Structures are given as structure tokens and as C-alpha cells.
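Next come two complexes, and both contain chain A; in the first it sits with chain B, in the second with chain C.
And then the complex of A and B:
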């Protein structure tokens, strides 16, 4: 049997969840034996080259590019996992939810303490830049998500156990220490 | 008066007349989760986490006194799922960013989330527009995290009977508020007491924080209720 194919991405996240994947320590060698990576920052493959069995996503959606990326993942992955608080509920970026986008942008680019009051006020508006969304969206509000692994970041043991359970079909045990929201 | 005999989830329990089902269960080694109930305060029955079934009817176990021969169902799958749903509702009704919350690890709402293995709330997030009131000298009042349990309203009372905290508005616009004149006279002890009594991170003392390291906080390794029963 060919190895299950895994793809990962960081959307509006800090890469801490990916760091936690690496935090499985030497089990990373077993992981390489168990699965093959496709599109992922782990191997730097930028585009999907085949259908994947498992897609793992950290970070919520804060801009149009995140949404396109997420939909792309849903299209190419049989199973999609929300990894971490940002993916599950928006996380820290979602602290802007409830504040109008205009106010956020002006705070960031016009009024923040590190901006010289004498400089011209410039709002980034290059066509290349993705559009910022009205608020930060949890992944499951945009596409169907199959599994959720909470934590900021999720404990390495939780990620490992969940992956092994998915790949081998054995039941996932959730010891108290591994399921945390922080 | 003679003891009362009742059964909770099939276990025969002894209780004192007038005792609430929650307290009776506790004395008999059975944990019924609570969020608004707090030792030393008159039960308010606001959160409904302690819902049990007695004679086919749902009631709040913190406000219902025990009765002779009562048959109480508490840990059944349907009741436990209802409690889980309440926890999830409280998460989506506020803005709970656990990773940056000072109460994380010591928070009773979060601990119930852990106990019920909440992976994601079944309800959509509401993102209510709430504010932090940092205008008083001793405490922050972060309304984003308030679960309206009324522990502070009932507990933080001045020696002459005035309430430091109160509720504003009604329905889904209900919000916790603070009496600024009274709060400006709060001592460190009163502030600490208010913070300790708040089940979540809505009342926090100023100038102290993150005192207990991760791993040693109240609910890092022991589930809420594990000191009482299963």
C-alpha cells in the first residue's frame, strides 16, 4: 500500500502549530516512514501535485488569500484538520473581530506609536496584496472541517497521537494533559 | 432533624434537610459541575451547568433542596451532553482567547471545556462587542470573558451593604458593570477576593499576573471536580 499523503499550511497563524509538529522530536523519523508530504512548508512544495489524504491547517482566515488557499486544500484533501486555536476560533488575530477594519488599518499604518507623525500617511494598497476580510474567520465557517486539534499550539503528543490514529485506524485516546486551549 | 436518603445516579446518599443537591452530592463523593455556585454565597442558579433530572424534570441542582426518596439523575449521557452544550454556548457568547488570558489554567469555564473534551463549539461564534474596564485602581474588568454568574455581584459587598458589581441591561445585552466610586476604595484583599471568586478571567488584579507557571496551575494536570469524585 502506498503511504498516506499529507499536506499542511499556515494561514493567519504564527507557525507555532507547525513548530509543534516538529516538537514530536525523534518520532519525526517515524513520521517520514509513515507518510509522504505534498504541499507543505515542511518540504517547501508550493502547489498540490496529487490528491492528499490528510490536510492540516493552522491559522484562521483573515484575508482573501487565506480563503483561496483553504478552498484549495478542501478540494485536494480527503480529510481536513483544524490545527490550533487560530484555525478553530480565529485565535489572537480574531481579537480584531468587533473592531471595524478601517479602524484597525488606521491604527496599524497611521496612528501606531512607531509611526513618525511627520511622515506621509500611506495605506498599503498594492494589487498584489490580498484583501483583508471584515473579520477573522475560523476555518469551519468557510469549508467543512473533519477534525479539530485544540491548543496554542496543540501539544506535540496530541498531534502525533491524532495522526497515528488517523493513519492506522486505531482509536484516539485523549489523555487530560494533552487537550488544552493554551 | 433526621437525615434524608436519596439516590444520585443509583447511589444511595445521605443528606441533611435543606441541603442542595449539589452539596449533598459533593458530601457523598459525586461531582456535579457548577459555574455560578460558590461556597459561602447564596445559590443563584444562573448558569444551569448543574442541571440534573428529578422525576423526569430538569432542575438546577444548586438551588433545589434534597427531598426524602428523591431519585436524581446526573451523569447520564444526555445530561452530560447538555452541560457540554452550555459550556460551548458560554464560549461562543463571549470572546475567549485562552492563549492570552491570564486566567488560563485556573479558569473554571476552560476546565469544564477540558472535562467535556470540547474540541470546537457546536454553535457559531458571536463575537460580541465588549469592552475592558481598566479605569479602577485595583482591577481590570474584562467583559469579553464574563459568564454572568453573578458571583461578584453577590460576593463583593462593602461592610455597609453596597454592591461593587452589578448587571446592566437585559436579555442578550446583559453586561457586568462596576461601581467606580466603590471600586476606587477597594483594598488589595478585596480585589484578590473578587478575582478568586470570578470563575473566569473577567476580574483580574492589576500589577500581578502569570504568577503560577504553566504546568503548575490549578487545572493543568487535574480535571475540575477530581477532588470530589469521578
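And then the complex of A and C:
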């Protein structure tokens, strides 16, 4: 049997969830033996070159690019996993959800104390910059998600156990301590 | 016909970067821009939150070096809680935080070297991108991969023991720390089974440095001549001029080594530092007010720190510092690729500092928190792995944050990264009609030297992906390459 194919992405996340994957430490060498990586920052494959078995996504959607990227993943992955708070609920970036985007921008670019009050008021606005969404959306509001791994970030042991269970079909045994929401 | 070239690293961390290169009618580079296309809005949504939440909230802006944000925020709220700026803490509080910080520095610098730089050194800058990544290293140089993994693990375990979690911990609280280091924890780092003990870490750090120096002696041109341009440099230094990554005064030197910011108190940073907004990037452009927007930009990070500091207060790293300094005859070092060398000297220094701290009885003390008369406003600074990090908060009578201002390391390096890209564009793209792999690679290398947070994880895990578009007048696509 050929190795299961895995793809990963970071949308509006902090990359902490990917770092937590690295925290499986030397088991990373086993992981490389167990699976084949496709589109992922891990190996720099930029576009899907085949259908993947498992897609793992960190971060919610805060701009239009995130949404496109997520839909691509749904199209190419048989199983899609929301990894961490941001993917599951929007996380820290979603703290802006009750506030109009305009106010957030004004605070950063007009009211900021390091900006010279005599400067002309400038707001970043360029064709090269993507559109910011009205609020930050969790993944399952945009596409169907198959599994959720909680934590900010999810503990390395949780990620490892879940992946091994998925790949080998073994039943998941999760000690209480690794299931956390912080 | 004028053209525009777009280079787009598609992956993001704290942001998502993109390079555009405009060519004039004669096919010469007329303008280059490095855009940051990510926006979070933290300054606004922090408002109304209780100030003690800041150290646990802000670190979630960046999971690559969360400890830096955790501690910069904690130092700012120390001031608000009346615990002073750095010196006010109890010895246990201050030293536990230092241990956490140097543990972070150690794991971050190790990750950077083994996962990012070593693939280039092992497979060559023009090696096959398919294997020139950390998986390639793991498959073909297993011993080196294991070293990288174990050094990162050691640093992460230190963070776990001081902050409570490897990523997004809760150790630092207003005025101090919420736990000390138990004797069992200490001994696990001092006498852990091979390789997970501090002596091994010191010797591996020395080994990484020797590996780099050997490479340098055989590849002088690449390391010495690439993306070299005059810059000012800024960092914290200890009051006596020593390298200090946790606390100190602000110092800046110009390209001739003249002090242009003379060991000032960072609580007054608004007097010295300003920021400019440019319409084409979500990231602001900081500058030294005394020199103005044009000339006042500066570099931060390992290169800058070894330019501002007078010496390194641990013996092995000091010896390496002397060799490094002698290479430029004591002058200011503006060679972008020497950032890697400086980073490895800091890696060795961090291991030595961790060793000293572990042998310090103060870590088992139980006076954890200092308090004093409350204040309304506080500024916190640390030297993060990638450079100086500023946090500034003001609170109202209900202890709610009223104003938050952050200048992160990558923002401080905004203009230098633009300068580096401009340097490479002028050197590689002038008069060219097609994009070659080599040209893409050069741009990537220039940005990577700064280890910007927007792509540092990408770097850590593999190669930065690039997309380049050549656009003719009217936006017609002439050429497009992606990898």
C-alpha cells in the first residue's frame, strides 16, 4: 500500500500550531517514514499535485485569499482537519469581530502614538494588498470539516496520537491531560 | 515598454509578503517594493481588556517566538503594576524570565540554523529544491537532523519548565513569575541523559559555529559580497555595553560606528522613534527621529546586536565575538549574510547563559513577585531572536487597556529588507526579459537573511515559495514562474 498523502496550511493563524507539530520532536523522523507530504510549508510544494488523504489547516479566514485557499484544500483532500482554536473558532484574530474593520485600521495607522501627528493621514490601500473580510470566520462556516483538534496550540501528543490513529486505523487513546482548550 | 515583476511568497506567518519590481522603458529597475499584506488589528481589539491579559494575548500574534511577546508585554505591565523596569523584579522573578528568554533564543536560533540554513549549505544554493529542505536533510544527513531536533527540544523543555507550556505559556505575570524552578527540573537540564543536557548543548552550539566558519572559509564570495549596503543598527545593550537580550538601554550606531542613540531609557522611546505609513504595505516603517524618515531607518537582529554591543559577557561566545570582529577590523558589519554567523555566536552565548542560570540558587527562591504604586502607562522591550521588540500600553482607572502600540522586530527591519531587495533587483534584473531560477533564488536569499517572521516558519520548514509575474504595459502577462 502506498503511503497516505498529507497537506498542511496556515491561514489566519500564528504558526504556533505548525510549531506544535514540530514539538513531536524525534517522532518527526517516524512521521516522514509514515506519510508523504504534498502541498505544505514543510516541503514547499506550492500547488496540489495529487489528491491528498489528509489536509490539516491552522488558522481561520480573515481575508479573501484565506477563503480561496481553504476551498482548494476541501477540493483536494479526502479528510480535512481543523487544527487549533483559530481554525475551530477564529481564535485571537476573531477578537476584532465585534469591531468595524475601519476602526481597527484607524487605530493602527491614524491614532498610533509613534506616527507623527503632522504627517498626512495615510491608510494602506494598494492593488497588491488583499481585501480584509468583515470578520474572521472559522473554517467550518465555509467548508465541511471532518475532525477538530482543540488547543492553542493542540498538544504535540494529541496531534501525534490523532495522526497515527487516522493513518493506521487504530483506535484513538487520548489521556485526559492532552485534551485542552488553552 | 515599462514592466512590472511580482514575486510572491505565498506562505504566511505573521504576514504574507510580496515583492514587486517595476522596470522602465529601457528595461532598468525603476522601483522595488516589499509589501506586507497581512493585518490583524490588535491595537484596537486590545482596548477594553484588563492589562494583565496582555502577556497571554499578544503572544498569539506569533507562534514562532511567543516567549518574546509574552515577556515584552510582561515588562510593560511590570511598569504599570509598579514593579519597575527590569531592575525592580525579585532575583527569582528576573532570573526565571531570563531562563525562559534564553531558552527561547536557543531553540529559535537552532531551528533557524538546522532547518533553514543547513539545507543550503549541504545541498548548495542551487541544489534541487525538491530535496533542499528539512526533509531532505532528515533523509540524507540524519545525524545533523537529530541534532537540530534535539537542540530545539532542549530549548522547548526549558520554556515548558519556566512558562508552563511550550507554546503560548503563562509564566510571566505582572511584577514577576508564577513559579520557580524545582531542583528536579534543574537537574534534568544539568544532568539529563545524553544528549539532553546543557553540556552537550554548549558543545553542539560550538559545533554548529565551527561548521559555519568552515563553510565561510570556502565560500567567501557568497557570504561576504551579497546584499551589502550601509545601515544604522539598533538594539538593547546592558548598561556597561555588554550584549543583553532581556534588558538594558537603547543604543544605535551609524554605519561608521558612531553612536546616534546613546544608551537611552526605552521608557522614552517615543522621543526617539517614529513610524511612517506607506500606502502599499500594511507594515509601518520605523525611523530614528533625530535623523528623519529618509536617513533614520535602522537594522535590528543578530547583525545589529553584534554591531552595538561592546562585548559578550560569557567566555566562549566572547572568544568567537573577537574573531568575528577582527574579520571587519572592528568596523560596523553591513554584510547581510553575516547575520547567520552572528546568530550562531548568539546561539553559543545563549547556551552559556542557560548553564550559568541553572547553577544559580536564586532560581529556587520563593519570592516571585514585586509590587509598588500603580502607574497608568508602561513600555516593555526585549531583544527577540529577530531583533528589538517594543510593547507599549496605557490603562484607564478600571485597569482596562486604553491604548496599545507594538513595533515588532520584523517591522523594525522593514526598510532594510526593502533595501536588500532593491540591491538584488538592481544586480540581477536590470535589462533581463525572463525570470530565471537563479534570480528568484537571490531575492529569496536576501529576504531570508533577515529571517522575517512573515516567512520564518516557512524557512524553518522548507524553502520560501515564490511566484514571479512579468507584466507588460496594460497588465499583459509576459512571463510567469512559480516554484
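Assume the second predicted complex is superposed on the first by the 182 of 182 C-alpha atoms of A that agree within 3 Å, B and C clash if a C-alpha of one lies under 4 Å from a C-alpha of the other, contacts with A are read in each partner's own complex, and residues count from 1 in each chain.
Basically, a contact is a pair of C-beta atoms (placed from the backbone, for glycine too) under 8 Å apart; a residue touches a chain by one contact, two chains touch by 3 or more.
This structure is a prediction, so every number in the text was calculated from the model and none was measured.
Once chain A of one complex is fitted onto chain A of the other, the partner contacts of A:131 are absent, as it touches neither chain B nor chain C.
When the two complexes are overlaid on their common chain A, residue A:26 makes contact with chain C while staying clear of chain B.
When the two complexes are overlaid on their common chain A, residue A:113 makes contact with chain C while staying clear of chain B.
Contacts of A:122 after superposition: chain C is touched, whereas chain B is not reached.
By the document's definition of touching, of the two partners only chain B reaches A:181; chain C does not. In the superposition on chain A, A:172 makes contact with neither chain B nor chain C. Greater residue coverage of chain A by touch, when chain B is weighed against chain C, goes to C. In the superposition on chain A, A:15 makes contact with chain C only, not with chain B.
Contact with chain B, but none with chain C, is seen for A:141 once the two complexes are overlaid on the shared chain. Within chain A, the residues touching chain B in one complex and chain C in the other are 91-92, 95, 152, 182. On the side of chain A, the complex with chain C involves touching residues 10, 13-20, 22-23, 25-26, 28-29, 32, 37, 40-44, 46-47, 62-63, 65, 91-93, 95-96, 99, 101, 103-109, 111-116, 119, 122-126, 128-130, 132, 152-153, 156, 182. Against chain A, in their complex, chain C makes its touches with residues 6, 10-14, 16, 18, 20, 33, 35, 37-41, 43-45, 47, 57, 60-64, 66, 111, 129, 133-135, 138-139, 142, 145-146, 149-150, 152-153, 156, 165-168, 270, 273-282, 284, 286, 392, 403, 405, 407, 457-458, 461-465, 467, 482-483. Contacts from chain B toward chain A in the complex involve residues 95-101, 104-105, 110, 113-114, 117-121, 124-125, 127-130, 214, 220-223.
The touching residues of chain A, counted against chain B in their complex, run 82, 85, 88-92, 94-95, 97-98, 135, 138, 140-141, 145, 147-150, 152, 174, 176-177, 179-182.
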